[in-house]
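The letters A, B, C and D name the chains in turn, as written, and every chain counts its residues from 1.
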Amino acid sequence: MLLSAIVFLPLIGAIVAALVPKDRAGIARWLATVVTAVDVVLVIFVVLRFDVGAGMQFVERAVWVPQLGISYHLGVDGISITMLLLSALLSLIAVVASWKMDTKPTTYFAMLLLLEVGMNGVFLALDFVLFYVFWELVLVPMYFLIGTWGGPRKEYASIKFFLYTLFGSVFMLVGIIALYLQTGTFDMTAMIGLGLPATFQWWVFAAFFLGFAVKVPIVPLHTWLPDAHVEAPTAASVLLAGILLKMGTYGFIRIALPILPHAAKQWAPFITALAAISIVYGAALAFAQTDLKKLVAYSSVSHMGFVMLGIASGTVEGLNGALAVMFSHGVVTGMLFLIVGMVYDRTHTRMIEDVSGLSSQVPVAGGLLAFASFASLGLPGLSGFVGEFLTLLGAWKSTVPAGWVVLAAVGVLLAAAYTLWMVQRVVLGTPSHAVADIPDLSVREIAILVPLVALTLTVGLYWNSLLRFTDPAVARIVALLAGA
Amino acid sequence: MTIMQPVGVLSFVALSAVLFALGLYGALSRRSTVMVLMSLELMANAININLVALSRFSAPAEMTGQFFAVFSMVVSAAEIGLGLALVLALYRQRKTVEIDAMQELKG
Amino acid sequence: MTETVNGAVFLALSFATIGGAVMMLSTRNVVHAAFWLLEVMIATAGLYLLLSAEFLALVQVLVYAGSVSVLVLFTIMLTLRRREDAIRPFEPGWSAGVLAALFGGAVLFAAERFFSQPRPGVMPETVPDVAAFGEKLFGTWAVPFEIASLVLLVALVGAVWWSGGEGR
Amino acid sequence: MGYVIAIPLLPALAFGVLAPLSNRARNAAIWVPVAAVCGSLLLSLAAFARVWPGGHEGEAVYRASAVFATLGSVNLHAGVLLDPISAVMLVVVTLVGAAVQVYSVGYMHRDERIGWYFAVLSLFTAAMLALVLSDNFLQLYMAWEVMGLCSYLLIGFWHEQEAPRKASLKAFLTTRVGDVGFVLGLAVMYATAGSFDFAVVLHGFTWVPATATAVSLLFLFGAIGKSAQVPLHVWLPDAMAGPTPASALIHAATMVAAGVFLVARALPIFQASGVALTVTMIVGVTTAIVGGLLAAVQHDIKKVLAYSTISQLGYMFFALGAGGIVAGIFHLMTHAFFKSLLFLGAGVIIHAAHTQDMREMGGLAKKMPVTTATFTIGSLALAGIFPFSGFWSKDEILTVLWTEGHYVVFALALAAAFVTAFYVARLWFRVFTGPEQTPELAEAHAEMLVPMGVLAAITAVIGFGSPYFARFLGHTGAWPEAGIALTSTAVAGLGLALGWCAYGRRTKVINTRPLKERAGFVYDALAMKLYFDLTYDYFIVKQYARLADALWAFDHTVIDGAVNGAGAIWKAGADVGALFDTYVIDGAVNGTATLVRAAGAKVRRIQVGRIQAYQGLMVGALVLLMLWFVVKGA
């Protein structure tokens, strides 16, 4: 029941929060905080009880629609547990970061909680129907979060986000149905190792690829991302970058690779090419941005390219690296968006040219922004390096064309270029007019950044703190790929 | 075939189809939101007739069709309630009930 | 032993339903249209009686004829600024008509194909009564029924919320 | 021997303590890093004593490692490896580090952020120590990058000014260009040998020449970036925008030598390749000459020393390229001492003269005796004059070149030595002789002079340890051969003499114009830093910025446009449907006579009745579907 509790506790919270009278926003806020905090505690309990060597754990299974082979099937393994932890933690942080939200606060917190239901559900579901339901459930609150609490172009951004991802998930649905018709079940675990026909695999992989690639996003399906990020409120940006993007890559690792191993190999060169292009293209675009949030958004495109590179490699190093980038990117980009949001709250601008000299005026904010930037550009000792390095190792070791790997490695350099170019203009220098009199971070703001800083350092210094969970699970997937 | 001859299931289905088509025509052509909603009710009605008739002729003891009709009625009642509330809200905002006033989805 | 539906009664009722529907769509006065809808609903209730679904007939009268029509009328009245606004321009909607006709024709055609051997209007005799209906409703179908009532409740709340006071 | 682990940990802890503090508390706690580095120094000396009398490289006196990452069957380690080379490096790094930190207490005492300065200095020391103690290439790379961060932070320490800010970015990015090569080298190494451990990849694995070439050239590329070799040397002169003691430690003595250390560590792979050694030698000798020539035309005292550093690092590279690991490491060590000495002296001079421009200096010898004496020792060592340390190490390098038969490189190395002596003389005479240009010249405080004295003493005597040093590293050592020693001394003496002719005989402020006019385009080219910076700036930085802007335009016009276009087409499809509805179907029904009137009325509907148009499409599709089923069923 533990996993069900983790998934559905926020749902109860969301319903109650929605029913709270509008003039009692404080209740909704505290409710959301408590619910997400309890969820974090439950997840930590799962992490502590987790047996790294075993496969699926805490499995819950109940008959749902037996005629169609649909079941209520939850479970957690080394791949999902890191994402689950990230999802629960970032949800709590998103709630606390929105403490000052005063536009329809009750609905807002209900939406955040509903979002957590979907996110946790996606990472725990082992049945395709359940997975799809949670996958689509995520869209709704995010649509409203962007569309209601967003910036000036929120309508455009939210509809674009919705249609784009819906477009992707239609293909995913086609893939799911095709798999069902072929195997007669919706159970993901039952579909592994069936040795499906090669041509069939190829086409189903194509459908899943489109579905997941939009979410990741892979160039050229990425244009929803900057718009959504720029218009979204801070907490939504954090969850969008921290969790929603990972759903796509999680789908590849959880579904596409183990169920369609043969097709995964066939598709690997193509995905590698797109991944390398995403890395360099995202980095170049980030370099051209004038808006802090857009810069971070395009940097996400670049980083997610590393995840895809690792996935395409199909090696132990590459997949571990992909999972490490997923985790690290969630933590680090979350941190970046939070700090950018905090700066925006004070200066009311996100334009790089208007903000400078943070380290002189607000040393804590400036210092943490610099810290997050260095983590983002992959400085060894911080979490960003782990995944970037491992994906490059894995990609080189695998059979994918080496030219693309070299291109991806150049992306490491370009990441330093746009990040430091931003740090140089925003963090360093003399305080600009907009920064002149702003106060430094409050205790609450520091408190939500501290766990992220701690995770960045822990994972960066002791890689096994993360890899001990992922490695055994990755080994199983690599074995499946080798067998195909 | 006389008027008094017993009627088969096909007659009910046909009736339902005609009613449904009429409702469809209304839903597609009317520009008053109230009229559109009423036409939707017509369509729901047609479906209910179909459900009940087929159930009666095939497996009357189960009464599955009747139960479905009950649920369908609930849903359509809910739907018209919400729909009319929407019309009122629209009216308050735009001072009209023309369907053309709802253009939020226009890109 | 089997039962049959009297052709004459059926004919009369179907004339009432279809005629009512046609009138509803052809009248230019919205208020009149609402009353024609009421007429269609009542005729449908008659059809249900013909199919020995007494409970449904009752619900039909109560829900549709009773509440929905009143609701519709209220809405019409609330949204009319002048009495003359009830008269709407003639909207033929030819393309919609063609489409609907095609659709109806297709359904009829399909039905005709599907029931390829038009059986005589014979229907099984064993008709459970309202008591049996109630037992099943609260036995086999209890959970869906409760969910349905919840749906209705939520819809009601939503409707009240939407149509509620100013400032929203 | 477990205390070896504490050597890098002490400064790391100092950083950990200082970094989270507030600025004021940090400033009050600068004794923590100083104490930490002194502790590291003592432990390093103990470790050195333990390694004595030395042995072969890779023969560990002490080794400890811990797994920090598990990938399938492969474990990645973090570890320490104490062997002769790392023992030498430990002493060099901690000694220079301690000297610089003590010096900085005086040099930086008026700065508002002195605490932060010391924290970064500590982190740097920790990273450098972790690098030299590393027992695998991955840890080496990680420490290497952290040093890059510290270098970035210290170059940009005075970030309120434009120049340090730009220089820090340039330094980080330029070295990172090299790091791309290093990372790829690691990837190739891992894919080939399946490990990063020295024990495996250096001694327990037989390299195929092709992969060995790939790995070593990629490593060399990384080293070129870090050690500021041509063509990636452009960042080092600009890096002089940072505080002078930091330049002494990072951009002269230790970090920039990390590239040399990397090549020295990976030398077995270079040797397996063969080609890579030649490339290393070519890079080194080119850099030695280019750096020397550029140093000869600088006016900024720190830039002279920066180019000199580049040139001397080139020396180390071609020494390694010739296979002379002892000569290379020995020169690394002597250079670390005398170059940090020169930088610390330059710091005192800059403080006293309130300028970095040598044209505005002069006559310091009379007022600042201690500085003059120590600086002179450093200068003579750099020029390669007996008995100072530079003479011995340069001599060893020349000997290696001669005995290995690289005569062309030998000649070029002599030419570089000549240029070195020339610019040393130019610097010395300009600064210490001639008329005084600054009023109120005064000697520096004791905490600045003592470290300089210590370094000067080491520079003066360490050369006599030359043969023992070779034995310590497990090679046969010998005293210099008379022929080579005399040749190199003669060349250095010539260079000094030329410098004296040009700059030493003046009585008033010298005018450099005649030299410029005589040298013509050569001087122009040198003054423009041989156009490296301009080329990079125009062909890489500007073009990348333009490319990024172009891609950005491409992204939001073409790609996003395609997406929005697809949406527009879909919408247009609906409109066409509505038009079809209006003109064709209605037209057919109403007849052509009413067409115009109907169109006029319906055009409005195209714009508005969209919901029902969609519904209509939906139903139409449904009808078709049903018809298909019916036909198929029939």
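Quick note on the criterion: a residue touches a chain if its C-beta (ideal position, glycine included) is under 8 Å from a C-beta of that chain, and two chains touch if they have at least 3 such contacts.
These figures come from a predicted structure and were not determined experimentally.
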C-D or A-D, whichever has more C-beta pairs in contact: A-D
Between chain D and chain C, distance of the C-alpha-averaged centres to the nearest whole Å: 81
CA centroid of chain A to CA centroid of chain C, Å: 48
Gap in Å, rounded to a whole number, between the CA centres of chain D and chain A: 34
Centroid distance [mean C-alpha coordinates] between chain C and chain B, Å: 6
Touching two or more other chains - residue numbers and ranges from chain D: 567, 612, 616, 619
Interface hub residues of chain C, defined as touching at least two other chains: 96, 99-100, 103, 107
Per-residue overlap in chain B, given as positions that touch at least 2 other chains: 24, 28-29, 31, 107
Pairs of chains found to touch, sorted by chain label: A-D, B-C, B-D, C-D
Touch list for chain D against partner chain A, complex: 23, 67-72, 74, 76, 141-143, 145-146, 149, 152, 156, 159-160, 165-166, 168-169, 172-173, 176-177, 179-180, 183-184, 186-188, 190-191, 544-545, 547-549, 551-552, 555-556, 559-560, 562-563, 567
Chain D contact footprint on chain B (complex, rising order): 24, 27-29, 31, 99-100, 102-103, 105-107
Of chain A, residues touching chain D in the complex: 160, 163-164, 219-220, 222-224, 281, 284-285, 287-289, 316-317, 320, 357, 359-360, 363, 374, 379-381, 385-386, 389-390, 392-393, 395-397, 405-406, 409-410, 412-413, 416-417, 420-421, 424, 428-430, 461-464, 467-468, 471, 474-475, 478
Residue numbers on chain D that touch chain C, as the complex places them: 581, 585-586, 589-590, 612, 616, 619-620, 622-623, 626-627, 629-630, 633-634
Chain D-facing residues of chain C, complex: 94-96, 98-100, 102-103, 106-107, 109-110, 113-114
